[in-house]
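Scroll down for the structure; my scribbles are underneath it.
When the chains are written out, they are named A, B, C, D and E in that same order, and each has its own residue count from 1.
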Amino acid sequence: MSEFKIVGKPIPREDARAKAKGELKYADDFSLPGMLYGKVLHSKYPAAKIISIDTTKAKQLPGVHAVLTARDVPHNETITRFGQSAEVGKGFEGLYRVLADKKVRFRGEAVALVAADTEEIAEEAAALIEVNYEPLPGVFDPVEAMKPGAYLVGEGDSNIICKFGCSQGDIKKGFAEAEVIIEDTYQVPFVDHAYLETEGGVAWIDEKEVINIRVGSQVIEHFRDVAEVLGLPHNQVRYIGTMMGGGFGGKEDITVETYLALLTWKTKKPVRLFYTREESILCHSKRHPFIMHYKVGAKKDGRLVALEAELISDAGAYPYLSPWVNLYATVNAAGPYCIPNVKINTYCVLTNNTFTSANRGFGAPQPNVAYESLMDELAYKLKIDPLEIRRKNCITTGKSLSTTGQVFNTYVALPEVAEKAWKALGETKKVEDKNKRIGRGLAIGLMSYGRMTFLHDTSRCYVRLESDGSVLIRSGIPDLGGGQVSLLCQIAAEELGVPMSKIRIYYSDTALTPLAGTTTATRQTYMSGNATLKAAREIKKRIIQKAAEMMNVNPEKLVIGEEKIIVKYDSAQYLPLLEVIKACNTEGIELFCEAQFKGPFTMVPDLSNIRGTIFPDFTFGAQAVEISVDIETGQVEVLKLVTCYDVGKAINPLSVEGQMEGGSIYGMGYALMEEVVMEKGVTLTPSFSEYIIPTAADVPEVEAILVESGGGLGPYGAKGIGEPSCSIIAPAILNAIYDAVGVRIKSLPATPEKIIRALKKHYFEGR
Amino acid sequence: MSTSRLLTQEFEYFAPHTLKEALDLLYKYKDEEVKILAGGTDLLVKMKTLDMKIDYLINLKEIPELKAVETNNQGLKIGATVPLSQLERREIIKEKYPALYEGIKSMAAIAIRNMATLPGNICNASPAGDTIPPLMVYEAQLRIVSKEGERLVPVEDFLRGVGETIIRKEELVSQVIIPAPPSNSGSAFSKKSRVKADIAKINLAIWLEREGKTCKDARIVLGSVFIKALRAKRAEGLLKGEMVSKELLTQVARQAAEEIKPIDDVRSTAEYRTTLARVMVEDTLKLAWERAGGELEG
Amino acid sequence: MSQFRYISPKTKEEVLKILEEEKSEACIVAGGSNVLPYIRDKIIPPKLLLDISGIEELNYIKKNGSNWRIGATTTISDLISSKIIREECNILCQAAEQFADPLVRNKATIGGNLADASPAADTAPPLLALDAGLEVESKGKKREIFLKDFFLGPRKTALQDDEMITGINFKSDSLNKPGCFIKLGLRQAMAISVVTVAMVLEIEENRVKDIRVAMGSVAPIPLRLFNAEEFLKNKHLNDDLIEEAKNKVYEEVNPISDIRASAEYRCYISGILFKRALEKLTNQTS
Amino acid sequence: MMEEYPIELTINGEKIVSTAKAEESLLRFLRRHGFYEVKGGCEKGDCGTCTVIMNGKAIKSCITLAGQANGKEILTVRGLEKEESGRKLQESFVQHGAIQCGFCTAGMLMTAKAYLDENHQPNKVEIRKAISGNLCRCTGYKKIVEAIYAVAEENQKSK
Amino acid sequence: MKKTEIEFTLNGKKKKVEVKPSDLLINLIREELYLTGTKYACGIGECGACTVLLDGEPVLSCLTLAITVAGKEITTIEGLAQDEELHPLQRAFLEQGAVQCGFCTPGMILTATALLKEKPQATEEEIRDYMRGNLCRCTGYVQIIKAIKSCTTGGEN
């Protein structure tokens, strides 16, 4: 690559200044004249029959404009879709039910909608809706729910919504060869995304009778789903995506959009609807809890020979993205290790808990906790250094993934990142406190970026070079805070040789911007980055061609930069970009381009034994921590955290570091304090005072080390980092706890109480 | 800066339900800036564009007795708040008072006529008021009432100049009384403006009473040609008691044109108005004469 | 619809007058950090919100000889920034510094924290350990309630409908003894305590001359541990004695299990924190 | 009829005369008056997104009654750029990549501003404590702390 | 200034609003009740864009004090269509291409509804006369007149 002017530089993001000034209008910072306020009535039981709903009193309340129940929804039941372009078959389709009808499946499920003149009236009206429930027993434990004769959550004849398998080699033979076998069960809890901006938006009908929904969504392609619910043509629903105050997968499913659409459609007035924090925690998706039974076998020298795992996950009340999340978990189940004999079975089960779906890491963080804990146990048992055992077994260039057999032909940075992370911990910290023990932990991992290849993923971007040399970009890309929008500006600026200040971008509008696909699956740098690159390069080609004619030189001799077209190695010879633009305009040469980037396409795999390529590529990383554990109270303090990833190419190092640092702390919360506690389907942690996430005072010194192999599929060799960044910190911390005090915490979060119960067994058993 | 989007000044508003209440209010505030709201089509425009100061506004439209139109052999009594559009829809107006009918119809647009009233048009005292010449040729009288009593004043005497009338602040026009015209009379209205429904360059009304081939009596009133509607008395004199012929009418028209004292303004020059007046008067005379049942010879 | 009313008197007398008239219809708002969430969660029905945050005469920290008086609307930040508290009543400063977070500390008041009567109120244990009394006033009447008698249960106090806390007082004889406050929460800020302990200790010739211990989040109310205190008085402190004293603590506390911790863990931690406080204070003394 | 009481306050230097409902929080009041830059993240004091500066002190506006701001001076993030110290902080956040989704930024900046106004030589640990009432879910706080620290350092140098 | 509560019917629905004496009907409808179909164009009764129906009769909302409509019935352009079903005049305007920039259209259609009520068999002449208070700058009126004519009885030809 030639020298970059903008790419690779830690420059401020396009959106940062408006955010620092408080000028950016998020979904809730918007009102329209005559706007009504929407409110959702949520079920108060996790499992119940709805005998009847009487909305009379609610409707009679002055100021109420609409009270809707399932009966008012034109197509109350459709299927969940996520903007995929290919048919993926029944295995991946879940029921999308807008409002509970006849039966409620989880506490918090939407039962009715209200629109009223004020928020207060809407709330009062919702309270006046009389729902006559007949409570049902329900089932809340996925293991129980799997058993024959279990209470049936849905209308089907089983609670199991998907089973996936993966195997290679001969598992029996593998264990027979093993000299050491370790077997254990690990559990991870429900987790909330805890973005600071709750779900919400404003909708209105315009004069074209189009329902406009201004909302924070990671998947603006849901406009199609909303249209189908209403029985309208797809082009009669428009999403205007706003910058999101965080998404992390929680704004990947439809949240409030359908409600907004229904209310505005029925009342013909603008409607605003926002979830309170309590509603957000109660009603939107959670990260899947998993029960993971693992067995690994190794030789005495630490070489892995067999791994068998059974993963059971709790889908909650509706499938949503569960099959896909479980597919990720299955593929990640053997970790980044070369193991000749592997057998994985994954089950995903409906219960009457809040539904689970995408959450940063998408099925990867859960098995990572299990296999990275096991690797550590193995290391201790065999008295091998934690780094060494990983070095010995990890995938390297040319090797393949032990679950699916997908071969890695590009650089696999695993040994490198592991070594760097481990080394960066530096000297062990000294602590004065006699009750504190220091420990270190390491974890390595891999995670895909880009959507599954059988989904046939594409992205589009439109770039236009204006006659004054400024650039206009249009991309459907949703920005959840990761800098997705700014990234495209940076690429266009680099390619067209203009400064960032000359770029304007319109984003996330299904009517006006070319659809760029979802901001999920860590795919936007890769997919939309490439689409932008393609469009910008096409324009660049035309500019250079024209300049070559004008300068009478070979186009290959020309480069573009600093708003000039310059002769390579002779910067004195150049044409101002403006002059070339003028010439192009005079001759009618198109200085705009809408380009599409296509990921690799494959067939839907055999789900009972998933083999071959199902992801475009993976990002490899390692995380290492040093912690202290208070042996009397069980309190853990993370002292230092190192996160090291091969990011391929850091297009904006500030943004990449931001993902790695933020992802680490997201993962640290998972490890130590975060859990949505549900007791018989009732959420006991409905607010930020019960659902706690790390504060600044909890955060250790964080060091982000970027390895730039240039081997990614994204623009300039970039890889995705958003989700990988958070997916292995939890096992690193668990390993550090073991290192410090010799207890193995097998269920997250590793609270002081859990650690103390493990440390002081005698005390607690005596009571 | 005035704004046509808003009324920028604040005032107190009353909507009395009886005439007495209205008169009491008028009396009470006679020393302040008090205005009467009937149709509002002139008043509000003035408030918006001329910064006319108002402290109190009295809406007469809620007073039932002012909404009535009474007809009998004597003639017509039209309540103060009857909208013009209601008058134009009444057969009696169209048949017996064609000049008034035509005057109203020529005015503005239906929406304005749905709002505007006769007293409003008169009290506005515009030289171009389209109902004024007709009312004058019919010798209409205004019932002017106040807390202290009432008086009847002919429209002609009521008007004093541009925007000026003889009405006092504690008074209001409660009724317009138009006597029934004799059976062998005829009347007509004519108006020239740039486009339809515009303010008149010239408007005029003529009433003639016929006795055989003779013109027994005549009234010719022109608007927009002086500070107030003007009665062309000498022209009338030329007609009275004379045998009507085309020639005579041409002569009368010339005389009428000489009597007016037009001004130059944005709508027209004085000279043009004079020429126009002559032609219009002649044509209208013919029409009124025909309507009176007369025939024209020569 | 909303029937909340709002008034923000400028003097204490006005407040007392309104309280006399409105009684339980009035809800005193000092900082607001508890009341607003209660309103939002409909824990408080519509009432008169009686905002006392603007009453300057109740915002003071005074020391007169050995007598301390702190006005009810003194904020937690005021406590932290008070030099005299930091230097001469550090136990309260320690508690204030671990209270919620810096932003909440800017508004939350000491009177409000006590009146809220949460078992986890962070200012309660140190004030219990200081043997504090509350100045409680109603229209034309003033009385003192010892803090140990003030808490009746979660969110229940000995305050009458027409009364308000106007100040907190304690004597500083106890302050000649070092004091400490330890909080165990699940994170470093904005943590509702799992267990807190506050202790003042006087050692004379290696014997416990005087000790006062109070704990938070271990019982329905902030708890003074009289039995443990009695047990230790006049005894020589050593490891065995401390272990024995921990058992007294276990007997005295009566925690609940909730989302943050189980009763067993709280009980265990109360012993640990008790021991740590003792160790810390003896180390400081020696 | 809802009972409302009069309220008069200064927001970013601009006098606002209005009325508020008794139980209305300052957060709701500010947003109702178009100060959308003040964000609501939890509305019970748990996250700090709604932080504003009231008479020099950073407070959580969601747990402050509108009435408690009567007669007070409120500074929101949109008033920050009027003061040099505010502009410096904004720019430092931008330059350090301390902003991701940006939802915590408005509150975070206010806490930082009030803190630096009173503490001139903080270290990073102190800064962490100072902003511990403001949650951020994206950044892991590192760059936020660095951004604030850089301003503190610069202020120190220029003295 | 003192506000007075008035009650009136707007497009068939009872409305209770508080108004100052100086509030104009057009502003009440647009700014308070958010029905922006009624257009402001001249403010002094010269153009008809602000026409609404008061008790069925077209009046100019820019010259009507809001306070005077107490107890009256107001119809705006938004009140013409019945649910999904356009008013015949609205349909005719669409079909005849009588809508260009559309700014005069609401006033135009409302005036025309009154015309059709009064004169179901209006001739082209009468239509032109009746509609003369509603200015249009785009269409040259031809298609507007046609559209209205098509709605008169036997007007299809």
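Note that a residue touches a chain if its C-beta (ideal position, glycine included) is under 8 Å from a C-beta of that chain, and two chains touch if they have at least 3 such contacts.
Everything numeric here is computed off the predicted structure, so don't read it as measured data.
**Q** If you drop chain D from consideration, which chains still connect to each other through contacts?
**A** one piece
**Q** When every step has to jump to a touching chain, what is the lowest number of steps that links chain A to chain E?
**A** 1
**Q** Quick check for the class: compute each chain's Cα centroid; which one is farthest from the centroid of chain A?
**A** The chain farthest from chain A, judged by C-alpha centres, is B.
**Q** Where is the C-beta contact count highest, in terms of which two chains?
**A** That would be the chain pair A-D.
**Q** Which chain's mean C-alpha position is the greatest distance from chain C's?
**A** It is B whose centre lies farthest from that of chain C.
**Q** Which chain has the mean of its C-alpha atoms lying nearest to the mean of all protein C-alpha atoms shown?
**A** Per-chain C-alpha centroids ranked by distance to the global centroid put D first.
**Q** In whole angstrom, what separates the CA-based centres of chain A and chain C?
**A** Chain centroid spacing, chain A to chain C, equals 43 Å.
**Q** Round to the nearest whole Å and give the separation of the Cα centres of chain B and chain C.
**A** Roughly 87 Å separates the two chain centres.
**Q** Can you compute the centre-to-centre distance for chain C and chain E, using the mean CA position of each chain? Integer Å is fine.
**A** Computed from C-alpha means, the inter-chain centre distance equals 69 Å.
**Q** Please report how many Å separate the Cα centroid of chain B from that of chain E, as a whole number.
**A** Each chain reduced to its C-alpha mean, chain B and chain E end up 28 Å apart.
**Q** Do you know which chain C residues sit against two or more other chains?
**A** Correct list: 1-2, 101, 188-190.
**Q** Give every touching pair of chains, nothing left out.
**A** A-C, A-D, A-E, B-E, C-D
**Q** Mind listing the chain E positions that touch chain A in their complex?
**A** These residues of chain E touch chain A: 31, 33-34, 36.
**Q** Over in the complex, which chain A residues touch chain C? Could you list them?
**A** These residues of chain A touch chain C: 120, 124, 632-633, 635, 673, 677, 684-685, 689-690, 692, 694-698, 751-753, 756-757, 760, 763-764, 767.
**Q** Okay, in this complex, where on chain D does chain A touch?
**A** 31, 36-44, 46-47, 49, 76-78, 80-81, 90-91, 93-97, 99-106, 109, 127-129, 131-145
**Q** How about chain A: which of its residues touch chain E in the complex?
**A** Against chain E, chain A makes touches at 33-34.
**Q** Per the contact definition, I'd like the list of chain C residues that touch chain D in the complex.
**A** 1-8, 29, 31-33, 35-37, 39-41, 46, 48-49, 51, 53-54, 77, 100-104, 106-107, 188-190
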